[in-house]
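Provided herewith is a single structure, encoded as structure tokens, for subsequent inquiry.
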């Protein structure tokens, strides 16, 4: 029934107002749902674009020192101020973005995929496999991360190779555990029993049917974890296990800012805010995806 | 939460009293005079105090320190600076060091040596340990023997190699016979490992237990030690300097984070805080009731060059690197002017010669040398730096930019600190390395020990990983050790300093300064170059 | 249940052996001789050799490891190389700090996360939901030392309510000293719990049994905090358990900023000194705690959802 | 108070709308019916005809983003739509209660049956803890469940579909409601359990005069249990009346089609069940006039102009198709 038909039915303008209100609310609901995903993607895309297209946008050499202009507060010339060697922090943040965004996204995706697959199968299969995976997760989570990274960096040498291996080798355990926990509940559900009776192979049941429902919490968490991996680089560079100086990298920038925090707050805070911004972007994407996957409680119920 | 953020950021600026105005390019804060005053008489060591007030008893001094006393408080063992500086408040040595480069009477009222310098007789003063037991010649003999025994005193026994025998002449006199003339011997007796310890107590409870319950004859005694948190000392009632110490209690709090130390001292929770970050000195000085004392230390920083790694065997290249190092600019930006341009491969000890000219920053000379060197069109230099030391990494970053001007492409390699030092000393490190200036500091006043470790290949450290080997210099070192004539020793060490500087086994950077924030109500507080503070002189006003 | 616990205990043994062996091998792989480090950079080789021998480091690696394990079995962890103090005692005091801190932080993060997650889920995709998620991102992604210092500046310097740092004395003193650090950790943990809980609640709100409960006229608060919450909390419990496991050794920065003698900073010092006995003992402590936490989470699963067969 | 004494529920011109991409869809359009004490009224129609939304609107549970746009609901004379949220809430679960279609998912899986029953008895029937427990056991026994003690301690997934539905019924009658809303209560059950559940509902009704509003797509279930029948299609009422009249002499082609499509044991070879052709209606694009036109065998031109409403009130046997009797 078209709106005006209802208007007629509801007797003139009063009806129209009701229709309009109703339609506005539904539209608003749908708009907000899409907005989360769009805004998230926009934020990440803009930051990524600025970082990867830095030279084109007129950002000069990030390592250009100007000792006389050290620790200058934010100004027009240096929107993010300058660090202890007079280098422009905004340029370093922009050039650093390339390293951090790639590192964070790749390690998170690798860990997410590896962990969720292993966890899902373990949770579904149960028995010795589940026990083995669980205990392996215990070992990985319990193992002191710094000792692990230190040993790897001794072999792989400086640069982020060690950090890549270390982070993936540890954070997969997070996703394995989450996927397993969700699978424990999911495998009891009717549609899984039904799939079994239809003789589907385990692989098909787990990956095509169970996984989408198991993966939602992990998606939300993975988007948050992306930021954690960037901050992890901060503590690594503080221990001398991060990128090779003077390469700009967000974690190192923040670590450098710690010592001058009380006098030059901008050195650590502004790069920190960029990390927060990226964190917001990714988490909005995470929520957007998770909302799309999930049962939309607002429209279920009566036919 | 945002509200909190903005208020707090605002607070950052106001609470610490300094506006985040542009950083003034230099201007040393009121540099206090050289530490140290006459040994016996009481006179304010600190120049900045107008009228030397008369000391008043009482008051608890809370000291926010960057190190803790985790290794325990036993002079014989493996103490870190964290423990050593606290032990100097608890123990006495036969002779004491102070701000100046001389040795002063400690438990030995006076001493004299035989003409040939092989027999030293010490006259002990009336003194008691903090448990009321008198300090006997037996205690002194036993303590010195422990100090000289490499099995027990693993780290510093080599300082007492020259001791042949310790004889008790009478209950108040002890004579030490030496195998050979050992000029720095008297100064070495001032080192913390030569502390006089109560023989009965140590033999009764054992070295390990003694580290937790030390008994000494110094101005203070241990009240309580909570490892990793705080260590508190109270006055030793039996101390031989009757009217000292003035403080009622000293509480060393372990505060590893520099910002937290600053906040603790600005909030008044602590009256003193050490290792203040260079960039915060000016702001703290502006805060009323607070002053940052800047004092000399026996620490130094430099870039060590491994001569076995080509092309660093070429002296011209090493010299070129020295000429191409803008020490003044680095000092201003990274260290905010707090430090002194170094003219030596070793720290400013007793026989340091201030007249030796440091390498000026002279790019043409550097380019000239590079042109004449074995690598005229430059080379790649692998420079190892430790983690967790922003100032050191920043210095390396400046050197990378500056040395590139003479064709040297520096590849900065960050390393975990312990891995770096071990690998470097064993020659398995990179081509060059630099590490925390506080990591290299001397525990004795005389140059013999440090010059030996840094410039003498036979000391087993490959001249601290630089593989510097100049037989003439090595011979001069042994000569210096075997002559008692101070002027001659000064002459020899000055020559060594000049030769080594020319042969450039490393790129000397700075002599480090200690930065300690002190509240105005804390009087007569000072820090000796060797690192510890004479807390027996300190008193609190009102 | 008893059988299950026994089985889990038995399974824990290979985990602990695996971790301690891995830690033992890896730390020996990393260059750095404890004797040289303890003696300082300028130690003479002779001194290094004698210390090496005194510390028993010249014994073959297998014997060193075996001694460690036999010792560990009856809680004898030997002596810290650098601190000449029984490792057991050393770690004991520090474990108390870290566990107390983590417990307080967990409580704080739950009390922050649950109400906000409910609010965000109920007003889904509306301003309340967005602002909660936005601001939670600030405290989550902010470097911990920055968050910690801001809290110190505000609560101890400006308002003078709490000490700036240190662990205080006496149980009351400990709690008071741990408020700000626990808040720092809590403000980091809360956003993770908040996000996973929000999605869980949204899922559960759409189910028939919730509609049936509303049809029975049950009060809204009862429906949300009893029926909805218990069904949507499993992924959050997992995330919380994991994060506590990681934070046992991961709180170094916060422990430094607040001068807390915790396990994290002890691990970093021990690694710096290549203090093998302490590192191995710490690894065992982390191992046992993580195994315990994971066991607890699994038990929580079966309590939370009876359909989960352990 | 215009309702008669025995009248419980009076629904007049109920219209419920949902926003839809095209514009708006009316899940219920002008629904009128009454439910008297002790009577059973059936709403029947294919899925998507608005019967379930209508049922939920009586408890104020129209799923989001739907909304009641017009009409009135009188409960024992009191207008409910304009009543305060609080007032509506007091009715829910006490005077009116509801049971659902899928027993497997309408009990909270993580709480025991006992917990959920005691909770309702304490919160909605105001009983103390011990009383609630004994009352719960009585109820389980009353709905035909053996060993009530064991059932209370069981979790929903440990019971069969039929048993769970009995538990749902036990919970719903715990507060002695005057009206029981039943949304396809037997659809998910096998035939024998279905009979037992319907018989149980009838017994409970006979006992204390509880009215039942039964929603189903199964005309057989409706005709077997209901006194009056309302046939719904595309959100509108096409026919309503006493069960016997409607079943024996259906006036609307759609009702007739439903009856012919019913499989029954007596079917002989000549009259096999004949399904209704065409597709279920698209609520956002309904034809003017009679919504059944596209699938009606007797469609003619005037069908586009006929009014939406029934021609008579429920008392008699109303139909929305003026051309009745065309076939006979």
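We call the chains A, B, C and D, going by the order they appear; numbering starts again at 1 in every chain.
Here, a residue touches a chain if its C-beta (ideal position, glycine included) is under 8 Å from a C-beta of that chain, and two chains touch if they have at least 3 such contacts.
This is a predicted model, so every value here is computed, not measured.
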For chain B and chain C, chains touching each: A
For chain A and chain D, chains touching each: C
Chain at the geometric heart of the assembly (C-alpha centres): C
Interface with more contacting C-beta pairs, comparing C-D to A-B: A-B
Chain centre separation in whole Å, for chain D relative to chain C (CA means): 54
Rounded Å distance between chain B and chain D, as computed from the means of their C-alpha atoms: 90
Where chain A and chain B are represented by their mean Cα positions, the distance between them in whole Å: 47
Chain A and chain C, separation of their C-alpha mean positions in angstrom: 22
Contacts with 2+ other chains: residues of chain B: 9, 12, 259, 263, 416-417, 419
Junction residues of chain D - those touching two or more other chains: 61, 157
Multi-chain contact sites of chain A, meaning residues that touch two or more partners: 29, 150, 154, 188, 239, 258, 261-262, 269, 297-298, 300-301
Pairs of chains, among all present, that meet the touch criterion: A-B, A-C, A-D, B-C, C-D
In the complex, chain B residues that touch chain C: 1-2, 4-5, 7-9, 11-12, 15, 70-72, 74, 77-78, 80, 150-151, 154-155, 157-158, 208, 211-212, 227-230, 253-257, 259-260, 263-264, 266-267, 269, 416-419, 421-423, 425, 428, 435, 439-440, 449-450, 453-454, 459-461, 464
Chain C contact footprint on chain A (complex, rising order): 29, 32-33, 35-36, 126, 131, 134-135, 137-139, 141-148, 150-151, 154, 173-174, 177-178, 181-182, 184-185, 188, 216-217, 220-221, 224, 227, 231, 234-235, 239, 254, 258, 261-262, 268-269, 272, 275-276, 278-280, 283-284, 286-287, 290-291, 294-298, 300-301
Residue ranges of chain B in contact with chain A within the complex: 9, 12-13, 16, 18, 20, 22-23, 25, 258-259, 262-263, 277, 279-280, 282-283, 329-330, 332-334, 385-388, 390-391, 393-394, 396-398, 400-401, 411-417, 419-420
List of chain D residues in touch with chain C within their complex: 59, 61, 89-94, 97-98, 100, 102, 105-111, 119-120, 123-124, 155, 157, 168, 171-172, 181
Partner chain B, residues of chain C touching it in the complex: 30-33, 36-47, 50-51, 54, 82-85, 90, 93-94, 135, 138-139, 145, 149-154, 156-158, 160, 163-167, 187, 256-259, 261, 265-266, 269, 271-274
